[in-house]
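Order of writing sets the labels: A, B and C. Residues in every chain begin at 1.
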Amino acid sequence: MENILTKILTRKNKNGNGIPHKYAIEIENLNVFHQRTHILKDINLNIPKNKITVFLGPSGCGKTTLLKSINRLTDLHDGMFVQGSIRLGTEDILGSRNNLAALRQKMGLLSQRPFPLPMSIFDNIAFGLRIKGVKSKTERADKVEFYLKKVALWEEVKGRLKAPASRLSIGQQQRLCLARGLAVNPEVILADEPTSALDPISARVIEEQFMELSKDYTIILVTHILRQAKRLADYVVFMYFGEVVEEGNPDEVFEYPKTDTLKQYLEVGH
Amino acid sequence: MISRKISDLFSSAWMMVVVNFVLLLPFGIVLGLIIKSTPLLRQNNFFDMLLSAEWQPMKGSFGFLAFILSSVWVSIIGLLIMLPLGIFPAIYLTQYASPKILKVMRTVIDVLAGIPSVIHGVWGVIIIVPLMSHYLGPFFGQETSGYTILAGGIVLAVSVIPFVLHMLLEVFRGIPVELKEASLSLGATYWETIKNVVLKKAFPGILAAYALGLSKAFGETIAVLMVVGNRVQLPGNLFEAGYPLPSLIANNYGEMLSIPMYDSALMFAALLLFIIVMFFNLLSRILIQKSTIE
Amino acid sequence: MLRKNIEEQFFKYLMALFTIGLVALLFFIVFEILKKGLPELTWKMISQVPKGGFYFGKEGGILNAIVGTIYLSVGASFISFLVSLPVAMFINVNLIRFKKLQHGIRFLLDLLWGVPPIVYGAFGFTLILFLGIKTSLLAGTLTITFLITPIMIRAMDEVIKDIPIGLMEASYSLGATKYETAFKIYFRQALPGIATAFLLAFSKGIGDTAAVLFTAGYTDRLPEKLSDPVATLPLAIFFQLGSPIPEVKARAYASAVVLTIIILLISLTSRLIASKLSKNSI
C-alpha cells in the first residue's frame, strides 16, 4: 500500500509538469440538484491514478450522475445544477470557461450503448485525431491502426476501414468507441456500464481491455454488476441515495463491509 | 486550435443573427399589418366594419361582412366534407388495414399535400365547376354558373384534407396498444373497442387536427379563388358565388394604391385573416397539449 | 351480437370506401389534368417565351415562367438553407439545456408555419414598399424565403431532435466544440432528414402563387437581373386560366401538367435521396 502511494507521489503527471499530483481527480463538496431534487449530497472523493475505481450501488443512487459531473456532461441536461469543485490536476472543470473542450478531451467516455460517429470506421478515430491536431495523413493512418490494435479490433476491420461504423456489431462498436476515446490521449476513462448492452464475449473483451489499460490510464467504472466490480476494482466507492456510504480497497470493502446498507447490498448480490 | 476557435466564433455569431431574425419575423408581420391598417381604423369603427355588408371602396365605405360570411361558409362546407373524408380513412388505415397499406397511404397523403394550390384550382375548374352547373345545380333546382361556394368548399376540402389526415394518423398512432388489449380482454369486440376506447382517447387529438384544418381552410387562397365566383354579395345559398377574405386580398392588390384607403382595407383584411387563422392554430395546439398530458 | 357484427361490417366497408375514394381522388385529379393538358404540351411551349399575341392565342411558350420559377425557388431555398440549418442546430445543440426556450422558439416557428401564403404576400408587399423595391425577382425571392424558412427549420428540427443525446456526449468527450458537434457530427447523422426538409421547402416555394402574386411582378421575358420582374409557373397558370380565350385556357392546362410533373419529380427525388444518404447514420 505504501509503495503504491510513494510511486504516485513521485511520478510526473501526464502533462510532464513534474509537479506530482496525488490523485487523478479530486472531488470536493460536490452537490448536484435536478430541479428541486438533491441528487448528489456533499460528495468528497479522491480518485486514485492509474487504477480502476468502481462506482457501485443500486439504481438511482446517483453513480451515473456523479460520473457525468466529472466531465460536466450534466451541462446538457435541463434543470441540472452543480456546485462544488472537481479538479483534474490544477484545473477545476466546474469553473472552467474557456478550456472546457480541452478538459473534456482529457476524459474519454464510454457509454452504456455505443454511439459511433456517423462516419466510416476509419473516420471515427480520425475525427478525434484531427481535433488533436494530427495533420499528416500517414500519421493519422498509423494511429488509427495503433488504436484499433489496442482494442483488438484491427484484425476484424482492417479490410473495411471505409465502411460505415454503423455496420459493426454492438460489441465491435463499443470497442471502436473505446479506441476512438483513447486516440485523443485522455488521462481518465469514464465508463458508464459499458458492458451491459453487450454479449458475454464482447463484455469479456472490454473487461480485459480495461485491465490492460489501467496501467496507463485512470479508469472510473460505473457498474451495477457486483461480480464485475469484484473482478475489476482496484478501489471501490459504494453509493446510496446520492451519498458515498463506503469507499476503500476491494478486499476490505467486500470482505468487511462497515455499514448495514453495504452489507445488505452485498447479500442481495446484484 | 485557433482556427477551430474562430470557426466556433463565426458560427455562433451567424446563429445569433439568424435566430433573432427568425424570432422577430412574426412580430414584424403583425406590426406591419397593424401599421398599414391604422388609417382605416382611425376613420371607421372596428365593429361597424365587421358587421356591415356595404362594400363601396370608391365611396369610402368598407363593410367586410360579405367577405367574412363567405369565408365562414366556404370553410364550414370544407369542414363538413373533411369530417368523413378524414376520420374514416384514418380509422380504417390505423385499425384495420395492414401496416404495408398504411405505409403506402402515408406516401399518397404526403404527395397529395404537396400539390400546389393552383393545381387544385385547375382541377376544380375542369371538374367541379361543370359538375355543378350541369348536374348538381339543376338537380337541386338551381341555375348556377358552377362558380359557387359549394365548389369552393369542395376544392378546399381536398386541398386541406392531407394535412388533417397526417395529423389524424399521428393521433391514432399515439394511442397505446395496451389500451386496446385491455378493452378486448374485457370482452369488447374490436369495433366496440374502437368506438368506446380508441375514439375517446383520440378525441382531443381529433379536434386538434380539425382545428388545424379549419385554420388552413380560412387561409387557403388560390384554389378557392379560382372556383368561388368572386362576387360581392351576402351568399344566399350554396349555389351562389361568394367572396372569401383571401380572395378579396388576392383579387384587388392591383388596385390597392389607386383608391384611397383601399390598401389599408386590404391590409386590414389580411390582419383579420391572420387573427382568425392564428386563433384556430392556437386552439389546435392547446388541444394537442391536453391530449398528450392525459 | 349479430347486430354488433352488422354494424361493424357496415362501418368497415364505409371506411374502406372512403379510403379508396381518397386514393382514387388523387389519381383522378392527376389523370384529368394530364388528360386536358398533355395534348397541349408541345416542345414549343416549354422552350419559348411568349411572343406577340400569346395572350390572344398566338405563338410562344412558357419558358419565361419555367425559368423564373427556377431562379426564384432556387434562390429562396438557398438563402433559406443558410438561415434554417443554423437555427435548427441552435435549437438542438446550443439550447440543449434550456427546454423552455426550445419550446418557445418551436412555438413561434409553428405559428409562422401556420401563416397563410397570402398574408406573407401582403407583408412582403408592405415590406418592399417600405424598402423602395419594385415587384421583382428580388422581392419575390425575399417573400418566398420568409414563407419557406419556418417550414425548413421545423422540418430539420424534427429530425435533429430525434438524435440520441449520447452522440452529443460522445462528441464533447472527444473535445469537439459546439460548432463541430453541430455541423460535423449532427449534420451527418441527420443528413437524409435535412435533405428532405430542404426539398419539402423547395417544393412549397415552387408551387406558391399567393405570396408571389403581389411581389414578383410578371413578365414575358426571362429575368436578367434581380430588379427585373419575374414570371412563375403558378402565376402563369393562374393568369392563363383566367383568360376567356379557349386556346389560352388550354395552355393553362399544359402549364399545369408541367408544374405537376415538376412537383411529383421533387417528391420522388426526396424519397430516393433519403434512403441513399442514410448509410452512415446509426
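Here is the rule we use: a contact is a pair of C-beta atoms (placed from the backbone, for glycine too) under 8 Å apart; a residue touches a chain by one contact, two chains touch by 3 or more.
Every value quoted in this text rests on a predicted model; they were computed, and no experiment measured them.
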Note, CA centroid farthest from chain B's centroid sits on chain A
Based on mean C-alpha positions, which chain is nearest the centroid of every protein C-alpha shown? C
Chain centre separation (chain B, chain C; CA means) in Å: 17
Hey, how far is the Cα centre of chain A from the one of chain B, in Å? 54
Whole-Å gap between the CA centroids of chain A and chain C: 47
Could you say which residues in chain B touch two or more other chains, in rising order? 4
Note: chain C residues in touch with at least two other chains are 177, 180
Junction residues of chain A - those touching two or more other chains: 131
For chain C, which residues are in contact with chain B within the complex? 4-5, 7-8, 11-12, 14-19, 21-23, 25-26, 28-29, 32-33, 36, 82-83, 86-87, 89-90, 94, 105, 107-112, 114-123, 125-127, 130, 146, 149-150, 153, 177-180, 182-183, 200, 203, 206-210, 213-214, 234, 237-238, 241, 252-253, 256, 259-260, 263-264, 266-267, 271
For chain C, which residues count as touching chain A in their complex? 96-99, 164-177, 180, 184-185, 188-189, 191, 279-282
Taking the complex as given, what residues does chain A use to touch chain C? 68, 71, 73, 75-80, 101-102, 104-105, 107-109, 111, 113, 115-120, 127-128, 131-132, 164-166, 177, 180-181, 184, 190
Contacting residues of chain B [partner chain C, same complex]: 4-5, 7-8, 11-12, 14-15, 18-19, 21-23, 25-26, 28-29, 32-33, 36, 84-85, 88-89, 91-93, 96-97, 105, 107-108, 110-112, 114-123, 125-127, 158, 161, 165, 189-192, 212, 215-216, 218-222, 226, 246, 249-250, 253, 266-267, 270, 273-274, 277-278, 281, 285
